[in-house]
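After this come two complexes, each holding chain A, first together with chain B and then together with chain C.
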Partner chain A sequence: MATMTDQGGWPSGGDQPVSAPLLSIEGLRTMVSSRRDSFDVVRGLSLDIYPNEVLCLVGESGCGKSITALSIMRLLPNPPVRVREGKIRFRGEDLLRLSGKRMRSIRADSISMIFQDPLTSLDPVFTVGDVIVEVIRAHRDVSKDEARRLAGDALAKVGLPDPISRLGSYPHQLSGGMRQRVMIAMALVLDPDILIADEPTTALDVTVQAQILDQLVTEQRERNMAMLLITHDLAVVAAVADRVAVMYAGEIVEQAPVDELFEDPRHPYTQGLLRALPKVSATRRRLDPIPGLVPSLQMMPPGCAFAPRCPHALDRCWNEQPELATDPDGRVFRCFNPQPFAG
Partner chain B sequence: MKRVLARTVYMVIVLVLSSIAVFYAIRLSGGDAVAARVPASASAEEREAVREQLGLNDPFHEQYFDYMGRLFTGDLGNSLTNNAEIGKLITEHGKNSLILGVAAFVLVFGVGIPLGMLASLRRNSWWDGGIMTFSVAGMAVPNFWLALLAVWLFASVLGWLPSAGCCGPKQLVLPAVVLAMEGMALTVRMTRSAMLENLNQDFVRTLRSGGLSESKVIGRHVFRNALVPIVSLAGLRIGQIVGYALVVETIFGWPGLGQVLVNAVLRRDYPVAQFFSLVLITVVLLSNWLADVGYTVVNPRLRRG
Partner chain C sequence: MADGTRTHLETWNLQLAEFEENQRVGPVRAALGRMRRNKLLLLGSVLGLAVLGTGLFGPIISGADPTYQSFSATLLPPGSEGHLLGTDHLGRDLAVRVFIGIRVSLMVAAGVTVLSLALGLVLGMFGGFLGGWKDRMIRGTVDFVWGFPLILVAVLFAGGLGEGLFPVILAVGLVNTAAIARVVRGEVLALSEREFVEAARAGGLSTSRIMWRHLFPNILAPALVLASYYVAVAIIAEAALSFIGLGAQPPTPSLGGMVSDGRNYLQHNVPELGQVGHWGATIPGITILLLVLAVSLIGDGLRDVFDPRLRHEAKGVDEE
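So, the complex of A and B:
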């Protein structure tokens, strides 16, 4: 686990951030619209990413994690998905208001992203070298040969065996793990400040998952880069995160440094997630899932989004939306009736 | 490489089989091959003598091997009707057909692909609607009917273009457009759907996340992916051009291979009909073979393994 206190970011004590955030999302609302109806899939999300930290964004599928990431990159499939409201501040600029050209210059150069399925995410009719060279030359004024050399270095850096000849490979000639390494090399070749990794290991074999994750963390540390890692896998979170933001139904319900979150989760949803983890213990017991289903985003309850599944819901929870607030201990979560966690 | 070799063997087999088919079909279609060669007043004995001299009374398979044997020694023979040398006929008319065919080919892909791209990039717009309507019409209207309409409108009513003739650019326009129309319409549709399909692929998002411009993402990457199905059917398009050329050349009086072949078949001029058919079959097979090779080039997934 990377420590943050020595590098800036959010100190483990958890009161005030030491340095200014690198990227700051404020009140992001992203909506899906069709002819029949439209609804928000990200509902007023605010989140800061600090320099050099690994921030994990956790939540069930469909809770809006990927949409949040794509909102930052401005790569939403529009139509039908578009940002309705909010700001995404990066280096004094609001990404959402940048010209297309300016935004393109930020992608890969300052903020990079890697995706879930490395097979479909690579162009099948171009060699991986050609594409990396193209990415380099979209941002840097270098010759083709120089770009090719940089691309080879990038592939070598992410641990791809025989990197120079791999430049001439097509994606179908590589294994899943190698493809994901190519994706990482492409995302990191221009040394970005932030890497957004959207479930980068979900489509891979378990053994390869660990290698890729390891590679990502190594790169993050060596480059002093911030990483927003999107995952639904709490084991991954425990292994790599500095800080965790838990997302439920399009909003953040709790955020905390990773050890605090695992030791003492405050929001009932986070508690439910942790309780649902299988444990290795002497006595086998049934898994403990969170009862009920995620509410439909088309018909959100008027109060707390988690109230219908919450064992401690009060009357107030059904009628009023709790804010994401900091409690006297310095913990940040969104709940009217927090209960102590009994694992 | 293995694939290319297999296609080559396949091509030769088809060529042999179709030479047999052509040979038999024209003899089974009835009619009298010597009618055009002897005066109408000729007696039955005289006709029989000519038939014997031409070897038309031998069994079919003997005639076939005899003919193929002469072909391989380079003896293409002469026309039964006017005794013209077939070798000369081929070069004269082949040139005209080549001009018409290449013009149609350029229209099919040079116009079809850009129109399809435009329709896909302006999806559900007025452009898209217009182009797709044109494409449906192009597929639905049979080319002989389109030829007549075109002659009526552009030659008779407007007087812009000649209704028939050879071989200037003005005379070329109408037959080339009519010949290309169906292939062009199909290419438009195929380009549009292939572009739209690839625009929705994950790799497009990756390329955009790498900061590439839209012109690079679409003009280079999406287009190159869309080219795969288009090239795979290019052979079919060429075959279509060759086949339709028979009709179009006849209607527009364009003195190409098709026109000669149609006349030869009508007059039962066996040597001309046989050889011209074989030439057209070879052209179609070669173009299919080329399209296959091209498909391997544009689709790297086929190159190894």
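So, the complex of A and C:
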């Protein structure tokens, strides 16, 4: 299980990946179709996840972050959402072509996922122990007692006080933070290679958010696991990410190590996001939002998706789609007319 | 506050007490405790047990033959010697016929409930969870059945299979199946949106396992409550079908059939008494009423105990 993670792919603060990607998304197109029309919500997304890194996928609501995660897990609500084309390579296999049975064996065991709302992610009629035991026994041929012992260990590891007696608790007897710890324990109990966390702290209050993030990062480091963290919170990104991918309207517009992204964003959307952050030192009291709205996914402009809101848009930007390209400095972004960032 | 009504604070305190009880003794024992304290449920259970006991043991104690006719003892009023509830127009003992009639009603109700609950759960769960063309097919069939009036379905079945209890069970069972499947499907749709189902998928569980382990236990309580309501529907439907002659065939006594037999004497004076012989119709009629009342009270009580959304709602509304 841990063969690929031993190398350490993109350790924190590192500049270049030193090993092959663990999971590699190539040209993913995921579409929503209804009787009336159909359109892509993820529009040709390519992304690599390296062993041992925390990769943050950021973007505003509806930009396709969660759909990307669910595409990897093959958990899209189909209909109406399905993957139209693309490849998701994991250990020499294309996840999108696996049989349902093979895919089930990968979920939780190799690629695990935790969801936004821990309040509804646990079945109210089962105890916490039952739910974790069930996941263990779906993948490993162990006795109930052995599975229960593993479940207790997992709960202890994620810092749940009194784990053994908590195995017998029902979800309603736990607080939000405790429930999210249970979800983390369940996601990690089989020692996955990749953890996908879809806004794991959005539903929690701020103090608990910090604890849960801490726990996630600790686990990620200890287990040499890769983590794909989906969030719209740039503070979270700054705190935990090794590398960041910024999504806009279903595609990645910029991708960079976290320090480079915050110091020197290249894409005008990333620049706009950073400019919109409130600053402690600022004398101006008004925030600086990005003008305009995200284009409707049903009616995408023919050129760059960001062109209608971009202060530096050229004629070319309206007619031609820029590719995600690497510039001479080694920076990866999708723009014809990058401008230096002026805070 | 007027008697019998509660302020919102009192209602809230009640719910809080319930929650604390849940925490203290666990959900199962808390539910049992609530059942014991629920007066409707208690009344219904006592009534239900009484009626059930009469149906089970009445014929044994009475020892009378429900089909024995005596033309020298027709239309005896209740309280006559040897005939506690009197006799009908053929001189048959009404008491023992009512007892057997209760048995028949309960048998039909049990058959209908088992059939409709099993089939309704399966159809509703598959339709709601699998979705797509399977759902459309199931939903179409269910709506088709649901669209027919019960009596028409029963007449069709009686036409195809002959009169008797079996076609009645099938007809009422299928119509009730449609009702239960519709509700179960809706509940399953709501449940599938809940993240714990997605979390179970993310945990690598198979569809059948998720349906069996996560949907079924969550759906069972509402389905049972619903089924208890449809027990009452089944009893009334059987009585109605027997009344018009499609249900139990003579000589099998059934409550609906007895009402039908007795109704002729609601207008006729009985010569010896100089008054109408109403008991041939009223006694089985009242028995149907008690039976349905008992079942409904039990059903309402169960809903109060198991469906927290509806609990306490009926009371304390008028005060606003």
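Quick note on the criterion: the second predicted complex is superposed on the first by the 326 of 343 C-alpha atoms of A that agree within 3 Å, B and C clash if a C-alpha of one lies under 4 Å from a C-alpha of the other, contacts with A are read in each partner's own complex, and residues count from 1 in each chain.
As a convention for this text, a residue touches a chain if its C-beta (ideal position, glycine included) is under 8 Å from a C-beta of that chain, and two chains touch if they have at least 3 such contacts.
Because the structure is a prediction, the values reported are computed rather than measured.
Participant: Aligned on chain A, chain B and chain C: do they clash or fit?
Facilitator: Chain B/chain C on chain A - steric clash.
Participant: So in the superposed three-chain picture, is A:251 touching just chain B, just chain C, both, or none of them (first/second/both/neither)?
Facilitator: neither
Participant: Check the residue A:134 against both partner chains and state whether it touches chain B (first), chain C (second), both, or neither.
Facilitator: Touch status of A:134: both partners.
Participant: Does chain B (first) or chain C (second) touch A:79, or do both, or does neither?
Facilitator: The second partner, chain C, only.
Participant: Which of the two partners, first being chain B and second being chain C, lies in contact with A:108: first, second, both, or neither?
Facilitator: Touch status of A:108: both partners.
Participant: Considering only touches as defined above, state whether A:173 meets chain B (first), chain C (second), both or neither.
Facilitator: Both: A:173 reaches chain B and chain C.
Participant: Under the contact definition given at the top, report the residues of chain A touching chain B in one complex and chain C in the other.
Facilitator: Common to the two interfaces on chain A: residues 73, 75, 104-109, 112-113, 115, 117, 120-126, 134-135, 138-139, 170, 172-173, 183, 186-187.
Participant: Across the complex, what residues on chain A touch chain B?
Facilitator: Against chain B, chain A makes touches at 73, 75, 100, 104-109, 112-113, 115, 117, 120-127, 131, 134-135, 138-139, 170, 172-173, 183, 186-187.
Participant: Considering the complex alone, what residue numbers of chain A touch chain C?
Facilitator: 73, 75, 79, 101, 104-109, 112-113, 115-117, 120-126, 134-135, 138-139, 170, 172-173, 183, 186-187
Participant: In their shared complex, at which residues does chain C touch chain A?
Facilitator: 22-23, 27, 131-132, 194-196, 198-206, 209, 213-214, 217-218
Participant: Within the complex, which stretch of chain B touches chain A?
Facilitator: Touch residues, chain B against chain A: 201-203, 205-214, 216, 221, 224-225, 228, 298-301, 304.
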